[in-house]
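Below you'll find a set of structures to go through.
The same chain A turns up in both complexes below, where it pairs with chain B and then with chain C.
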Partner chain A sequence: MGFFLRRLSFYFIALLFAATLNFIIPRAMPGDPVTMMFANATTQVTPERIAAMKELLGFVDGPLYEQFFIYIKSVLSWELGTSVQFYPLSVNSVLGNAFGWSLFLAGSAVLLSFTLGSVLGIFAAWRRGSKFDTIFSPGMLAVQSVPQVVIAMILMFTFAIGLGWFPTGNAYTPGLTPDWTSWTFLKDVAYHAVLPLIAASIVQVGGFLINMRNNMINLLAEDYITMAKGKGLSENRVVFNYAARNAMLPSVTALSMALGMAIGGQMIVEIIFNYPGLGTVLLNAINARDYQVLQGQLLVMTLFMLFFNLLADMLYVVLDPRLRKGA
Partner chain B sequence: MKGLIKLLSNNPKALFGCSILFIFIFMAVFAPLITGHVPDKRTGKPHEYPGAIVKMAQASPDGWVAQNLADDKRKMLMSKKADHVLGTTRMGRDVWAQVAYGARVSLAVGFGAGIVVCFLATVVGISAGYFGGRVDDILSAAMNIMLVIPQYPLLFVLAAFIGEAGPLTIALIIGMTSWAWGARVIRAQTMSLREKEFVKAAEVLGESRIRIIFIEILPNLISIVGASFIGSVSYAIVTEATISFLGLGDPGTISWGIMLYNVQTSSAILIGAWWELLAPCLALSTLAIGLSMLNFAVDEIANPQLRSNKGMKRWEKMAKKDKESRTPHTAVPSFAGVKDLAGGEK
Partner chain C sequence: MTTPQISIRNLCVDYITADGDVRAVNNVSFDIGKGEVFGLAGESGCGKSTVAFSLMRLHKPPAYISGGEVLFDDGNGAKDIMKYSDGEMGIFRWSEMSMVFQSAMNALNPVIPIVDQFTDVIMRHTDKNKYEAVKRAEQLLQIVDIHPNRLSDYPHQFSGGMRQRLVIAIALALNPKLIIMDEPTTALDVVVQREILQKIYALKEEFGFSILFITHDLSLMVEFSDRIGIMYSGELIEVAAAKDILESPYHPYTHGLGSSFPSLTGPKAELKGIPGNPLNLLDLPQGCRFQARCERVTDICRRKATQLRDVQAGHLSNCHLAVGGQPIAIVETEAVAV
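Right, the complex of A and B next:
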């Protein structure tokens, strides 16, 4: 239990640090955010308006430490302010909406690449040195190093614009009312998610593949595998029930870390495919100088990372009894 | 030099990676010599076809190329001189010149950020690993916090607040935000080196700490620092392109990211100007793949003695591979890397 308390306190400190960073960045840059926000406004800006805006956005006047305490307080009570861009909406609802889509995309991308990578890794390990292994394993690693911008742009150009097989943006056809129980809506969502999903998952397959392959190769040399083969068990049974099951373990924990990373990593994919996730919200917020949303965004993403790190920590302990004593 | 050549010829990955890197360095240095056009001025008509495509289409007007790749009669007419190797952009600028000059920015940002990352990672990692105690506690906490703060959003927000960040600024912010992983690996390695006899001997002899760090420890870390350098260079190149692509960079510079940004904003892909998209994409991917091959090669070449140390998944993977090829029966699953990931603190 001490282990978890220590981890939790570390995560809390990390969160405070991220909040501090959030606090510092806008204040360290030249000009104050509210004035900058009005810099390219066409309407006349009176000092009263600026003051009103400041109050609305939570930029209190006063010494820095006072501002900081008020800010931390609002973060801890999860009052992230109001969005400038979508004026009456609160930051919470803007981010909440986008977060769902991001989570959906990241979750399915990670699951897809995990499944694909693990299965390919199992085969690569079982038939190591074969043509499949020598071409596929380094091949997928090479694919992994291709920038996501490039993959997304090329997919977009070829399949969405060139061939017109898939839509060029949005999570569902605009005008459709979201109804998660109707089959047509679900199909529409799936149809819109195909390209972003491919772009987000293709770069992750290589990592899972190599992970799985190396774990498998390690395990295949174990005595119990030789024993299982000696008993005359079928190849499938040895590979999947005996070797793959144990080789999975490090991969499962890697899975949870990958989920935490994915939501930040896939931002560029969301932006290119104009998918209404956190990435798109971030870019729009940047362009509209919507500082409240920006701050909230960074915080939400950090929280998400922390959550999945914690989950990974727990999974290690739950899945591997050997770690329980050590921790 | 002889050793290097032998090393390269023995390792196809290293050879491949090095050749790609050298081609791009050559391209960046001799950009004015390999292209007759300037990258940032109008030197042709808007959206001219690449030279070779024009020649092929002219040679056989009914061939596949003319039917599929160069199917716009008006554009064909405009680009009949075929003097732009990779065609032109919507602004009539030469794409090949932009790729060549863009290599300068990409490599400069890559190496610049790589140097910053390596410097910070080495300083923090060695200090934490060698001095231990309170120093280690503070530095490790800093590393772990940097590791859980999502990189891309932080970078985007930083770049946005700075506004039209130039290549130098981008290199700096990438460098300042991505040293944590390298530092962690270097710390782990330093900790195990600190316990080695030769370091103990130096301590007993009364050598100064500075000397021990620079003469005894640092040379043994070169391979890890090298791998982390290559990794950072590749990460920085891709990240710079991403930041510029989002329009957060300085639109006045010529870089691959800005080329992609222009493709997006001038809706070149809607018009079907595939060469304008393909050129920076190919340049980016080739360089990134080359660098990652080089990284694998460095892993394979580096000191085999370091392989069984904790906290270095890379080394472990390598060790596993080697173990498997040499003595297939003694492989024991090791969870050192996993434990380190889970534990974080010692």
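Right, the complex of A and C next:
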């Protein structure tokens, strides 16, 4: 428990640090969002109007340290302000809509590719040098090095436009009212998610596969694997309980990093398939100089990264008894 | 004489390399009697561990067994385990023949508790349920003097000597007829080493299994074994009773090994090593494999291949010069006297 609290306080400090950077960077850039808003205005903009707009959008004047404390307070109380682009929507609701879709798409893509990559990696290592290994291991790496945009486009042209098996965009059929208890709606969501999910997953499989395969091959030379075979244990038990169990450990780090990154959104896939996730929001926010949304999104991404790192720390302790103290 | 526990006949193990196949174990034949401790000695890379792994068919690619028979008496007559299917081999392993690995530090899975490493093998080979398997594990732990309440601990929570005893306890789990011990004490200090060997010896007396004991510590082996085989470059070159092999060796290599160890009780003498280096197995000479390092090499050694054969009752050697000859040590003492 002491370990958990120590990690937790470490991550809290990391969060404050990240929030500080998040505060400094936009302010180091020239101009401010409100000036940007009025930059293309045809009418005369009076300083009073600018001041009124600033107040409306929740910008604070005053010395930097005062601004900083107000900012930190807003971070901790999770009041991220109002979106400039989607005024009068709050940043919370802009992000909130997209957040669920991103979590669903990117999260399941990571889990899918991790599972697939690890299982393929285990088999590739166990049957090292077999046809399966010689085709799949370099094959998946080759797929990984194809830019995601190309894979997404090919999938879209072949299966959505050419064959018409899947829809070309959106998370669900436009006009449908989201109802998470209705079976028809869930099916519709799954149907729309197939192509984006494949596009987002397939490029990640190779990395997990090679990771797992290499860990496994290193471990297979260990004496306890030979001893497990010598004990006459079934191949499944040797592979999964003795070899894969240990080879998983380094992969857990890779998984948590990938999950942490995932919430940043599968920007390319989301844009190509017009998927309403955080990636799309991020691109729009950058284009519209919507600093409030940008700041909010960076904060969400930071939080997720930290959360999954913490989760990996915890998982490591569960998986590897050597890390447990005083047990 | 009753049937031996295991009899190895013309075992050959090859390694596939880029320069062609290399024969790491060449026509090795020996028997181990019931309840006997057979020691296998030789320098690093001579093939002794390869022999050990091949007996359980645990050799790793690129090694493969290219010939020979391993006849094992499982109580219903001798059977050639080289002919077993993978399924039969899975049943045979550990229940009839188990193994204590070189480094106990690495022979236990670090991330699962000890108890599971006992129960998985017990439940694989017997009809015991989990509860009975745990009971058996507790019993085994007591046999090697470790308190049963440590059963749910992980390997890293034990000392090196305890881990080696754990591995021995796992090896005993199914009362095998033969235990292969591949340098079981190499990683341990001499005090723990003695403790472990005494334990093994007591267990052998109690349960009556045979042991194939492998080490490069010759003096230890002489103490511990009934008979000893010496390997050189993948061949068995001399087999004799433990008390005879260093006292009256017939092969110059065995003689060289004997004079490379200091005597604990005798007068101080300058230690002699064996000049030269181990053979490159890719470039084997015609005739005897030891010829380049042998002081007594003659013409026949360079022409004729060697063959292990009886030179005296219960004493085998493959040296050409051993025919009807005297053991080397005796010859030499006489030479000094003259």
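Here is the rule we go by: the second predicted complex is superposed on the first by the 270 of 327 C-alpha atoms of A that agree within 3 Å, B and C clash if a C-alpha of one lies under 4 Å from a C-alpha of the other, contacts with A are read in each partner's own complex, and residues count from 1 in each chain.
Here is the rule we use: a residue touches a chain if its C-beta (ideal position, glycine included) is under 8 Å from a C-beta of that chain, and two chains touch if they have at least 3 such contacts.
None of these values were measured; they are calculated from a predicted model.
**Q** With the two complexes superposed on chain A, say which partner A:142 touches: chain B (first), chain C (second), both, or neither.
**A** First partner only, chain B.
**Q** I'd like to know which partner A:131 touches here: chain B for first, chain C for second, both or neither.
**A** After superposing on A, A:131 lies clear of both chain B and chain C.
**Q** See if chain A has more residues touched by chain B or by chain C, and give me that chain.
**A** With both complexes superposed on chain A, more residues of chain A are touched by B.
**Q** Who does A:229 touch here: chain B (first), chain C (second), both, or neither?
**A** The second partner, chain C, only.
**Q** Applying the touch criterion given at the start, work out whether A:306 contacts chain B, chain C, both or neither, answering first, second, both or neither.
**A** After superposition on chain A, A:306 lies in contact with chain B alone.
**Q** Once chain A of both complexes is superposed, is A:13 in touch with chain B (first), chain C (second), both, or neither?
**A** In the superposed model, A:13 contacts chain B only, not chain C.
**Q** Just chain B (first), just chain C (second), both, or neither: which does A:245 touch?
**A** second
**Q** Considering each complex separately, which residues of chain A are in contact with chain B in the first and with chain C in the second?
**A** Overlap of chain B and chain C footprints on chain A: residues 221-222, 320, 322, 327.
**Q** Would you tell me which residues of chain A are touching chain C in their complex?
**A** Contacts found on chain A: 221-224, 226-234, 237, 241-242, 245-246, 249, 319-322, 327.
**Q** Hey, which residues of chain C end up touching chain A in the complex?
**A** Result: residues 53, 56, 58, 60, 89-95, 98-99, 101-103, 106-113, 120-121, 124-125, 154, 156-157, 167, 170 of chain C touch chain A.
**Q** Which of the residues in chain B come into contact with chain A in the complex?
**A** It comes out as residues 141, 144-145, 148-154, 156-158, 160-162, 234, 238, 241-242, 245-248, 257, 260, 263-264, 269-270, 272, 274, 277-278, 281, 284-285, 288-289, 291-293, 296, 317, 320-321, 324, 328-333, 335, 338-339, 341-345.
**Q** Touching residues of chain A toward chain B in the complex: what are they?
**A** Touching chain B from chain A are residues 6-7, 10-11, 13-14, 17-18, 21, 25-26, 29, 128, 141-142, 144-150, 153-154, 156-157, 161-162, 210, 214-215, 217-219, 221-222, 250, 253, 257, 261, 263-265, 267-268, 271, 278, 282-283, 286-287, 294, 297-298, 301-302, 304-306, 309, 312-313, 316-317, 320, 322-323, 326-327.
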